[in-house]
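Next, two complexes with chain A in common: one pairs it with chain B, the other with chain C.
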Partner chain A sequence: MKRHTNMTRRRLLAGAAATTTFLAAPTIVRAQGGALKVGVLLPRSGVQASIGQDCQRGADLSVSLLKSLGYPDITLMNADTETNVDVARTRAEKLIADGAQLLVGAFDSGQSTAIAQVAEQKGIPFVINIAAAPPITEQGYKFVFRNFPTAPMILGDAFANQKELFEAAGAAPKTVVFMHVNDTFGMAMKGGIGAVMPKFNMPYQIVEQISYDPAARDLSVELAKAKATGAEALMVVSRLNDAILLTREMVKQRWSPMAVLSMGPGWYEDQYLKTLGKLADGPLSFVPWFDPNKKLSKQLEAALAKAHPDINLNTNHVYTFEALLVAADAFKRAKSTDPKALADAIRATDITDNVSPGPGIKFDAKGQNDKLKDSAIQNRGGKLVTVAPKVAANAKVEWPMKPYDKR
Partner chain B sequence: MPAEIYLNVAVSGLLTGLVYGLMALGLSVIFGVVRVVNFAHGEMMTLAMYLAVVLFSAFKLDPLLMMVPIAAVLFVLGYALQMGLINPFITRPEHSQFMLLVAIAIILVNGLLIVFGPDARSVQTSYAYDSFAVGPLIVDATKTYAGLAAIAVAAALFAFFRFAPLGKAIRACADNYTGALVVGLDVKRLYALTFGLGAACVGAAGAMLVLIIDVTPQLGPAYTLLAFVIVITGGLGSMPGALVGGVLIGMTEAMAGLLFTPSAKSMFAFAILVLVLLFRPQGILGKQLS
Partner chain C sequence: MRSLLLDGVSRRVWIALGVTLAVLLIAPLIVNDYLLTILILILYFAYTAQAWNIMMGFAGQLSLGHALYVGLGAYTTAALYVHFGLSPWLGLPVAVIVSALTGACIGFLAFRFRVAGVYFAILTIAFAEFARIGFDHFGWVNGSSGLFLPVANYTQSDLWNLRGKPVMFYYVLLFFTVAALALCHALLRSRAGYFWQAIREDEEAARSLGIDTFRYKMYAVVLSAGMTSVAGVFFAFYYNNLFPEQVFSISRSVELILAPVIGGVGTLIGPIVGAFLLTGLAEVIWEFLNAFGFDPPGAKQVFYGICLLFVVVLLPDGVWPPLSRALGLAERPDAPDDKPEA
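Right after this comes the complex of A and B.
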């Protein structure tokens, strides 16, 4: 009985606290000495599945490549956003609840916006791989960082690169017909082109704008209309499937414009190249890309070739890799997995040994890398070469595009 | 705009409409006899398209030549589906049938996604990029072959239902279920044969459509909806109606894209549907319900 009365509430509390400390100790030690847990959110199913899976390839090969470059270990916690904003939000919350110390993703502006809200609320750093909508980094967020150009940056560079190419080729179209998808992305690009183009004094006029449904099964009518305008070149904002459909229709309807100037995805993607073979050669895409002359670009290209020999390095791999590079670099400097310390370290990022064109990775006060540059790339024999800007080019432009009936 | 563009677009719409019509014909045949609406129709066509892709990539077999074997595979699948799964649901409420067929559709979409992944697949025949130039008219070769094949398959189906004893028996089931039972027809087997024939139609349409468009697992639901629009416009249960509806929708989409804006193509197709429902609810060639 006497022994029993010795167990006071104070002693019980002290004992419980000691036990908790003892049990929690290994966890704390592990967090300090272990790998950084990075939650990777990508649309690996749904409408954007093929692009999400392509980004995932970039994420998967980053782990060993970053380690070989001397960066500390990172562990990927992968989550599928199912191309759905609400799913993206709940998956981000779950990843954080499961112990993710930093988030990376999510290819799409809508999904990235939802994840950014969660990350800011929970105080977990979020490094965006691909998303171009300007408002994401205009909200005053402290934990959101983007190493990807905004839509106005993409368009400005596109027109600057076009002028550089026209000068190099000694020729330019006088008229273009502008075809674009009528989804959020396509309409935003249409608005952006209308606003940005006049500032660049381009040598051509847009003779007609033709919008179409990105899920269209047949684009024969749309292309017949474009051909009937008599424009010298085709300017286009498309997705993958419609890029293939438009090319097929150009061949079938026997129309070979002087150039195809693509201001979005589709025309440079692996599936486009594989599906169309020699008919894929020629189009110019003005996109966020990589500088083929940088040392790390060659290393990333080699790592991808080893893991996926039949896939060309592209935007999806490059910017997913760089998002993880930012994470690993911050972890190395912060020497901690504390979210605030990681966010402070990301804010102080200054990486010059990188892949994307431009001086390197550095974030402004809003968390945006505003020094990024875009490239002009051209399809050549199933491969992609960079033709502008000159500082990040590895080939000269082929102009005009070889007619489809002469291939 | 040059005048020949109108003719080019109209011919293109007509040929696409014929293939649409053949696809919808299967739905109409099944509903006309079994009185079950096949909500997995587009998904079954997607399955046929993948069969064509596999046969082409593995053995370089042309989808037009493979149309009959693919239709036969889909016939067996349709027959087995009706015998094994749908027949027990014939006397159940319509919402039970709806749920069953939607479940089959979801299983098909996700099964294809697991096996083939999300990327679009296509068939690159030697004539994939050919076109015929007739004066100012440029006609897509693949659409021409597919359109002609659609006419041939539809004609064979009409002949079967009109002249073959089995076709007549199936029509008897459709006209009078009780009467068919009274005269000793094996109605359940005839229902299974009908579902098989409908599935074979959609199989043949899939083999042709893969020449025109790339296939993805998610393609199915859009084509199920399109088939509904066509058969309701043409007349639910009417075989000629399905073909007429297909051509009408194909040409409406094409001309609306040319004369107005391509973004509004589907809107005009649905506008036709609304007009038909308002002024001729039984469809263009459908029978007035008593």
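Right after this comes the complex of A and C.
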């Protein structure tokens, strides 16, 4: 039987030529102009979508803010890693092929590791915005830099800040009950807390550890168990939904501990504050944050408020902005888009006018900013105030937490 | 064995395969690093798709937890390399044995107790989830903190330790993909292959004909698990980091089965075509959207969804069967014996 088809050889060739032109088009377009081309790799879809999109807000704000600060132009080349290590690697290759002279990303340690290998092979500087796994900067890479605390730094600072707060308040809990989600993050934090806490000689003892499923719809039993321990404070490692559930249970079961000490996300997130209103006030979160007293923090906060009035400045915006600040600063000093010159300039980075707590941005021989400090923040009237460390604080800690039935 | 490999393949198919292989062999000399990365991904999915296809396509046993075997292969070789400096080629047999034994356990539990169909699929998901949670707490491989392989900027490729540039990984994967294709082709024409197809079509009828269905289903599971674990070895040494949540996740299992579903379950070439289509076209779509200034997150997943919908509605047997007919590569319907489609 004769085969009927509209596809002739000529049409196929014409189609192939059109596709090739089309595929080459971005490269041609992006090769023009004198701005530094920064490939921004973030998980804007998949499991980490909301965080990736939040980081993207920080990146988008940076372009005009950095320009207003006198830094040279940067052009963002955005790519979605889809919360997938394979895609992260492919996108990094693609951005470099399209002319990216520096990479920034990727929120997650696995994805950042995959990108780091590509960056190192190609000799393109890669500035990590958020990723806490220590091995990333232990590999002897020459082109990988991280301006974010490692997991041990975060935990160490959390306990140091707690002690500072206890001292400032003149009171400390003698017992705490530790509730944590039983997912990867929760179990990692549990292990880390167990390893780091003994080094800090904390004034309290953990009387019981209660784990639960982060997808649980009801935490009444777990909270009743926690209340029954008679612990003076609640230490938590949680996510957003379970943080809301636990708070509601504390109100329902009439338990107001002296403090809620959160070692992870959930308790300071915008959704938590909006959902719970005045019941959201009081919990303390120990997180990588920003120094509200620094001039640049105020400028970043104002820029965010203008672009997204309903969103509070947070870790995702801050560290993505700072990664781009490092890029722009290196470009300014290197006066070149040559990746090697940029990497050399990043190694010599010494930024004191920055956003994160600590003396500023400076990298050690491994490419890690080891001078970064983490903060203790407290929810107050739908906003977040920094209560420790003292140098980065803009409020005094409210201690003990106001009982839920007296609000 | 020679006849198993050579029989039932027309000259036209040989030429098409030869040309494709020749193109793939010289591809690294022509394409840039980005396209090479895409080709590596395509080969990775083509290989795992063939391994999965043995179980579902040939023997009719639906597994939705194949990430389990990728993860076991990855963790076994990576841990042996990190802790004892054992070459991945020496760790590979251990990984295959671990995965095959795990597959055997799942198969035994399911087939002995007549767990079939969707219930078998749920069992495979359950085991992948057990592994994910178990590895989250397995201190020897750093639990949920992730297992990192030491890396460096290699100027030369070290094939023995699988340390080197992407081009080395490309050729390793190409070798395994071609080997898997040859093995699947031989299997499909072997006694076991015909028994598997009989089980797939009607297990009761197969049993009534005297086929030991338990044994042959076990063969399929064990072989598929062992083969899939080889992909895990590649995964570990290519990406150099392993997190239980990333390696054993259900989404990774689904990712592995998309290529054969799109290409054509039960066919030899279908899974490979599916891998090329899904990975290649997803990149083209991404380029297309970017060229016009669209930057929507998750466009690839949407494309996958549309593609699946398209195949389910219009091409329920996958892309390859009609494509092979259009290209004149399918066996003629009036062929004297009813051999499986190439």
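Just so it is clear, the second predicted complex is superposed on the first by the 373 of 407 C-alpha atoms of A that agree within 3 Å, B and C clash if a C-alpha of one lies under 4 Å from a C-alpha of the other, contacts with A are read in each partner's own complex, and residues count from 1 in each chain.
Criterion: a contact is a pair of C-beta atoms (placed from the backbone, for glycine too) under 8 Å apart; a residue touches a chain by one contact, two chains touch by 3 or more.
Since the model is a prediction, treat every value here as computed from it, not as a measurement.
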First, second, both or neither for A:199, with chain B first and chain C second: neither
Touched partner set for A:240, first chain B, second chain C, both or neither: first
Greater chain A contact set [chain C / chain B]: C
First (chain B), second (chain C), both or neither touched by A:80: second
Contacts of A:278 with chain B and chain C, given as first, second, both or neither: neither
Touching partner for A:49 - first (chain B), second (chain C), both, neither: both
Partner chain in contact with A:210 - chain B first, chain C second, else both or neither: first
Partner chain(s) touched by A:253 [first = chain B, second = chain C, both, neither]: first
Contacts of A:191 with chain B and chain C, given as first, second, both or neither: second
Chain B and chain C contact sites that coincide on chain A, given as residue numbers: 45, 49, 53
Touching residues (chain side chain A, partner chain C) in the complex: 3, 19, 22-23, 25-26, 44-46, 49, 52-53, 78, 80, 82, 85-87, 89-90, 93-94, 96-97, 109-110, 113-114, 117, 120-122, 133, 135-136, 139-142, 151, 183-185, 187-188, 191
Of all residues in chain B, those that touch chain A in their complex: 1-2, 5, 8-9, 12-13, 16, 113, 117-120, 122, 124, 128-131, 133, 138, 140-141, 212-214, 216, 218, 222, 253-254, 257-258, 261-263, 265-266
Residue numbers on chain A that touch chain B, as the complex places them: 45, 47, 49-50, 53, 182, 210-213, 215-222, 224-225, 228, 240-241, 244-245, 248, 251-254, 271, 275, 277, 279
Chain A-facing residues of chain C, complex: 32-34, 36-38, 41, 44, 136-137, 143-146, 148, 150-153, 165-166, 239-241, 243-246, 251, 283-284, 287-288, 290-291, 295, 297-301, 326
